[in-house]
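Below are two complexes that have subunit A in common, paired first with subunit B and then with subunit C.
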Partner chain A sequence: MALKIEYVSGESYLHKLDPRPKLLLFLITTVIVIFFTDPIYASIILLAWIILTRASGISVRKTAQILKASAPLLVLYMIINTLTNPANLESAKDPANVIFYLIPMSRWLPVTPQGLVYATAILIRFIIVVYSLQLILFVTPVVDIILALVKWKAPPSLALGTSIGFNFIPVFMNVARSIMDAQLSRGWKGLSAGSLVEKVKALPVFLVPLFLQGIDNAQKIAVAIEARGFGYNIAKRTFRRDLCLNSIDYATLTMEGLLIGGSAALWYTGQGTFMFTYSLVERLISILTV
Partner chain B sequence: MYSAEFENVTFSYAGSKEPALKGINLKIKKGESLLIAGPNAAGKTTLCRCLNGLVPHFFVGDMKGKVLVNQINTRESGIGRLSQITGLVFDDPTSQLVCSTVADEVAFGAENLGVLRAEIDRKVEESLTAVRLAGYENRIPQTLSGGEQQAIAIASIMAMNPEIFVLDEPTSNLDPIGSMQVLSIIRDIAREQEKTLVVVSHNIESFAALADRIVVMDDGKIVLDDHPRLVLQDVERLLEMGLSPPQVTELFLKLQKKGNVFAKLDIPIAIEEAYDKLRVVSIRNSAVPASREPHQVSLGEQVIEVKGVRFRYPGSEVFALDGIDLAIRKNEFVAIIGQNGSGKSTLVKHFNGLLKPVEGSVRIFGLNTNETPIWELSRRVGYVFQNPDLQLFNSTVRKEIGFSLKAIGFPEEKRSEVVVNLAEKFNIEQYLEQSPATLDKGGRQRVAIASVLALNPDVLVIDEPTTGQDPRNSRQVMNIAKGLHSEGKTIVFITHNMEIVAEYAERGIIMWQGKILFNGPVRELFQQSEILKKSYLEAPQVVRLAQMLKDKGFPSDILTVEEMVQLINRNVGE
Partner chain C sequence: MGIFKTKEERGSLWKFGSVQIGYAAAFGGLGFALRALGIGVPIAAGVLIDPRDVVSIIGPGFAGPIGAIIIGTLCALPSAVFCVQVYVPLSILWALIFHYFKHPWYYVPLVAGLLVVWNWYWAVWFQIWGFLPEFWTAFIVSMTGTLLYIPASIVLIEVLRRYSPTAKRMIG
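Right after this comes the complex of A and B.
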């Protein structure tokens, strides 16, 4: 399970956006979902990101792939969260609130509607953070992220080093695959065969050449970039691409400002907590029971 | 005016006792084009590193004497400053590209030097046009072919506008198409009067024509340094050092030794010159005097049987193998040739089950690879990879060679005997208790082959023994293969080196875009001019020469220099 570092080219609004307001959009979303614990609020934000995905010409399924791959983990997370979240713990003190016990025929692990609503919100908020980050990675070349970091005063050597590292991943994967093939070709049974002890014993067969090749490759890269003047005068280094804010960027920044302001106002007036959805649920339950 | 001067330079890398350079004196004129040749470990790469300060600033060590680049003493200047004078391109294209788009890659050096943005855009455009890759700006470097990647590495040096271009084995890791592509770029640089060019290469045939001078190094010293024609006169010495002079040069030297009419002529260094000199000869007896055992159609049992195989890699739309039918019989010696991406490696990886067909079937000694584990197939088909370092991991050569035996549970008491026998056979018995990492590349390669042969497979697959190797190492591996073949083993190898194909293989297979275009005796292979042209392959120089002289009665199915020598001697009086 990992986020995909992959640029999907396109001409959409998000593609055209400067990486700074783009990254800001992700950061603001993250902060908002930290403060707002209501599932309906969170769903609206998630919906907004899904609309953004479609508008960027990127498949929602592709963006959600990482979530799908980690579904079992998410389910487990949801269950644990339902039991341990503060809303559940608090409301479970009153047995009247408990709708069922996770271990039936006992009084262990109570679940309350408050707890369920709260846990749903947590799950959606988690999904939002992962999903929005994946979308941002799809519509932003790594170089642009680096440039944004440089503009935000990260040291260029660190930023460039990160970028080189990212670009080197596929090369390294190829090396790893070749080593695997080379060892399998001489009778090695691979990492999946045998008992745990045998597996551990088999590791050096793969890891030693990989490590040595890694060092070798790292040195080659170091030599290659030195030969092209890397580190000559890093403070005065220029960048071919420059970031400059256009009208859509300013419009986005304005919108983001409004978003922050609006959210702050809502939060200040006590809106956006799970109680909002819960009160609706409560009303629904009372209607149903009548 | 000199671009670079070496004054009595001796250099030892830190931690090494033996100097890599021993008393080098060399002056390179501005605008000159220099070819540097020599066997592995001759000091060629170290010499290149001296030209931009990588030695002694990045690779530290003990340096005596001095190197001046544009009158600047490299010891007193940093690599950054020197990189504006000397641009260095390396042999391995993948590990010198670091950016996510071609335009960023080409701009990388100029950006480091702090060139202004408007200027950079212009330079990127100019450089990409110069290497004929305009329009590639937004492509991803890591997904391009080796030739294109190397062209981009050169473009990124061009964008820094250095005075000296140093190219360290620029074509040794490329396929024939890539080599041609890069060669034509280098030819353009050589023509520029303002630019000094230093090329290190084993491919003397291609580079001799564009060099003003050839420097031959051996064991850290310069042993020959002269005009190409004069250096190549010393063919015997070059051959002794394991270098490959142009075949026409070798041919004439061997003809002259017989003391015939050719003795008075200049030795040619290009095929056209040889053609002019041989036009006067007419051949009456055109039977080819086979210099090697004639091709025998093996009627032995079928060891590899490929039927209707199609294969594509996961996530790919294209079939890497598209309808392959092939049978290889016992004790055949088969070469598989073709450009990178034509399916050669994909095909041979089916021979030991590393890859399984998507459609069709592969049978090894009757075993269906779909149903047989790789470790079991590995007892019948040994696979030698191009890079021995991918498999060496043991603390001693003994353990390394014995690894496969241990993996399949071969009894321990018998293991030692097998290991010692193999070590003796490959001349590595004195290193049995040493770490494989301490051996030179040729030694490591022998250890890798021995470790594959420990299981005593009947078939040996050798993947590109010639790519990125010096000619001596390539031949060493091929001679091992030849020996095994004479013991009855079946050999299948992949190569880009057509001389090696002509010299060793009995059967040749040409692949192109996942299909087999030709499958037959090597002697017939090089006569398929249409197929060779379509797949961008070129017959060895001496074969082409014979074909050019067809109207003089020369047979077109000559394979080696030796055959040509015998043919001419038989037809020309003393």
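Right after this comes the complex of A and C.
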């Protein structure tokens, strides 16, 4: 399950936005969903990201592809979470709360409504983080993300190293494929064959040539950037394209400020915990039983 | 034979020149590529050991602590859930170990760090994201990977030191 670092060009609101408010929006929603454990609140945030995707002209299916690919992992994630989350463990102490046992014969691994609600919130939280990061990467070129880091006072040499690293990814993908093919043609069984000990032994067979290739490339990079005057005065370098905030960016930053303020107020008043949805579920169950 | 490198041997800790940029970019790109290609060692159903973790352990030895930030970020970025907060501090830790300790003494803090700090970081991260909400379960699950990274890293470092004079000069 890997994110796609791919820019999808467009003329939407998100595309036109400066990378800094975009990155802030991702960071703010990530922090909010960590603090809020209510599935309804989390679903509202997810819905907002889906609306943003549609407004950007990017297919929701394409953005959610990474989630589709990891569906078995998400199911496993939900099961483990339901059984081991603190809300489930706490409420399962009272047998009246238990709705069923995963192993009924031995009354082992109880599942409670509180645990299910909490686990749902955690699952939505996971989906939000993956989905929002993928959308941000679809609407922001990597170069812009690096420029944003420089604007946030990251050392220019750090930004330069990161951008060169990004540019070398396709090179190393080809090198890794070639080394794998070469070793397989020499009778190497690959990383997934044999016992665990054999797998450990197989790892250096693949990694040693890859590291040697990495060392070789590193020296070439060093010579190349020196030849282009890297050591002259990197702190005072100028940019071919500079980032500057405009009215849409300021409006977005204001909206983000309101989002932080609103969330902090909700958090301060004790809202946003799974108990809100749980109380609704409880009421629904009592209506149905009546 | 001392445990620590002398001042002349280790040089400046914060030096981040063209050589360090080269190593940071190369190993960062390598870690990213391995993750993006989905190359891994399956140890159980659904559990995959990432070779990029080995890159994030050894790479900082070449690139130094500032380069470790780039390596950690690039290794973490292709993961579905942002794990920069785990990779970056750990990569800086490995960089410091390689900077201050001589060969073969750096294996002692490296193994100790992998067994304790690495698993502790991942266990906390697993808890935050709800993968495994129970700390010790998460710690032990993380340790299954560590037990593979330790021999793989040691073998790799020894082979690199033997066949690459540059590697021997850079990591000691």
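To be clear about the criterion, the second predicted complex is superposed on the first by the 251 of 290 C-alpha atoms of A that agree within 3 Å, B and C clash if a C-alpha of one lies under 4 Å from a C-alpha of the other, contacts with A are read in each partner's own complex, and residues count from 1 in each chain.
The definition used in the following text is that contacts are C-beta pairs under 8 Å (C-beta built on N, C-alpha and C of every residue); 3 or more make two chains touch, one makes a residue touch a chain.
Predicted model, so just to flag it, every value in this text is computed and none were measured.
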In the superposed arrangement, which partner chain does A:P204 touch: subunit B (first), subunit C (second), both, or neither?
-> both
With the two complexes superposed on chain A, say which partner A:D242 touches: subunit B (first), subunit C (second), both, or neither.
-> first
Considering only the touch criterion stated at the top, classify A:I221 as touching first (subunit B), second (subunit C), both, or neither.
-> both
Give one of first, second, both or neither to describe whether A:K22 is in contact with subunit B, with subunit C, with both, or with none.
-> neither
Which of subunit B and subunit C A:T30 touches, first, second, both or neither | second
State whether A:Y232 touches subunit B only (first), subunit C only (second), both chains, or neither.
-> first
Once the structures are superposed on A, label A:N81 by its partner contacts, choosing first (subunit B), second (subunit C), both or neither.
-> second
Does the superposition put A:R186 against subunit B (first), subunit C (second), both, or neither?
-> first
Partner touching more residues of subunit A, whether subunit B or subunit C = C
Should A:F168 be classified as contacting the first partner (subunit B), the second (subunit C), both, or neither?
-> both
Please write out, lowest number first, the residues of subunit A touched by both subunit B and subunit C across the two complexes.
-> 164, 166-168, 170-171, 175, 204, 208, 212, 217, 220-223, 225-226, 230-231
Of all residues in subunit C, those that touch subunit A in their complex = 16-30, 32-43, 46, 51, 54-55, 58-59, 62, 66-67, 69-70, 73-74, 77-82, 128-134, 137, 148, 151-152, 155-156, 159-160, 163-164, 166-167
Which positions of subunit B touch subunit A when the two form their complex?
-> 52, 54, 58, 78-81, 83-84, 87-88, 90, 92, 94-101, 103-104, 107-117, 120-121, 124, 138, 142, 156-157, 160, 349, 352, 354, 373-375, 378-379, 382-383, 385, 387, 389-393, 403-405, 407-408, 437, 451-452, 454-455
Within their complex, subunit A touches subunit B through residues 7, 9, 141-143, 163-164, 166-168, 170-171, 175, 178-179, 181-189, 204-205, 208-209, 212-213, 216-217, 220-234, 236-242
Of subunit A, residues touching subunit C in the complex | 1-3, 5, 30, 34, 66, 70, 72-73, 76-77, 80-81, 84-86, 119, 122-123, 125-126, 129-130, 133, 155, 157-158, 160-162, 164-173, 175-177, 180, 191-192, 196, 199-200, 202-204, 206-208, 210-212, 214-215, 217-223, 225-226, 230-231
